[in-house]
């Protein structure tokens, strides 16, 4: 109690390949968080995925889903990047390391971190996202829209990505809460890919 | 109760490669502790990591993060040392063995112990550190700055490394508490590398 | 309650290779105990370590630390013995099997049992030891010095090995308690090796 759930929301000036900002809901309000994906240099555990960051069961399953979806998503579009995922031991971490995190809404953030890493390409700057992803890439609605909007503005985010299913809830928020934000609403993951990595 | 959390804070006169002094916070105040990293001679479990020392979940995850980060950090800078980590079964222990330890703030100490071991190089003497590390090497702020300063002085440490995010808190401490200490504040791990192993 | 913590303290007349007497502290007073190490014939789990004897978390971690340290200790000094540890499935048992045991102070006893087994050499007779061992072989102080001295005398031990950090406590004990004992105080494990296996 009394401790911010995510200390120092924004600690990257620009994010390297593999790092993507997500929007999270916590009992103390909204927060931005980073999903960090990295290869484990020299590991022979090809195709494996390690997760850290005090992730709960649902979050860890989201990472497993993201791992499968990202590999399938790249298989046709970018075989070289797909081979990076298949041929690497991967590690996903979500700072801060002592803060328990759970829920499915980081699904699209996890997928994007893995794609960004595999492609060696940074995500568009000042963009943050939230949304559950299914194994075939459908994006499902999430909770805490208002809190996440506040967190995005607090961290200087400009482009926010929400599930199509949260559009009405977003549009009902007062204009003063959303000032300066460019919202996008997506129903399938490929729309996020275009926004975040299609540049 | 009544037992010091870390018996005999300083039991190395000079630390061999693989051993690094960290600053810890405990319910009874600050303490110095050592992180000890060693290869397991003759083991065929290449790339594995064993941890001991009654480490809690967050501490064990910190070791996993440090393991991945250290391998990636060395991959470009020192391929021979990177190969040591990839080709060895590693063991990290944190004495005293009966004292439960947890939290993310040993992250930078764990990374440094692994780098020191891989490079076969001792850390600069009279240096102690504290700081959470993310998977890409960002250093995040920690708690218990005052208690850790007191512990550092009690153990005869000269150079202390804190996260940049704790600078203000450090500077507000009374001058008499900090006498004789040379503080460094870092935002990314490579700054610690220069301080501890760049000599 | 009412059951002696370690039934029949001394049940070896002379100890075979792999068996070493330790000094333990229990809620009912001091006790001697044996650490027994053996190879598991025909096992293909090379490099593995099984432990039995109702050992608590800290005791089991002590065995893991001892396993790593013993392998590294022998790597240079006795490559043939190091190969025994690397190439065998090992089993460490601490009788009596129904008595729960915990704590880090059997560290040096565990190391010595593994070295004795690997070298095929019995430990010097009438010697018992106590001390926590770190991953690099520092010997840390333990509790219950007085109780362990009484137990050593009760079991007919002549040579007792204590950590250097317990020297003052030992020297303060009344002379009548220590009569007939030859104490040694050690700061690093190699001193125990000389005493127990250097003959």
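Order of writing sets the chain letters: A, B and C. Residues in each chain are counted from 1.
The definition used in the following text is that a contact is a pair of C-beta atoms (placed from the backbone, for glycine too) under 8 Å apart; a residue touches a chain by one contact, two chains touch by 3 or more.
None of these values were measured; they are calculated from a predicted model.
Engineer: Based on which chains touch which, is the overall arrangement a line, ring, star, complete graph, or other?
Structural biologist: Topology of the interface graph: linear, an open chain of contacts.
Engineer: When the CA atoms of chain A are placed over those of chain B, what is the turn angle between 0 and 180 degrees, to the nearest 5?
Structural biologist: Result for this pair is 60 degrees.
Engineer: For chain A and chain B, what's the span in angstrom between their mean Cα positions?
Structural biologist: 29
Engineer: Could you please state the distance in Å, as a whole number, between where the Cα atoms of chain A are centred and where those of chain C are centred?
Structural biologist: It comes to 51 Å between the two C-alpha centres.
Engineer: For chain B, which residues count as touching chain A in their complex?
Structural biologist: Residue list for chain B touching chain A: 46-47, 57-58, 61-62, 64-65, 67-69, 71-72, 74-75, 82-83, 85-87, 103-104, 107, 132, 134-136, 138, 140-141, 165, 187.
Engineer: Give the list of chain B residues in touch with chain C in this complex.
Structural biologist: The touching residues are 7-8, 11-12, 16, 18-19, 34, 36-45, 50, 52-54, 91-93, 95-98.
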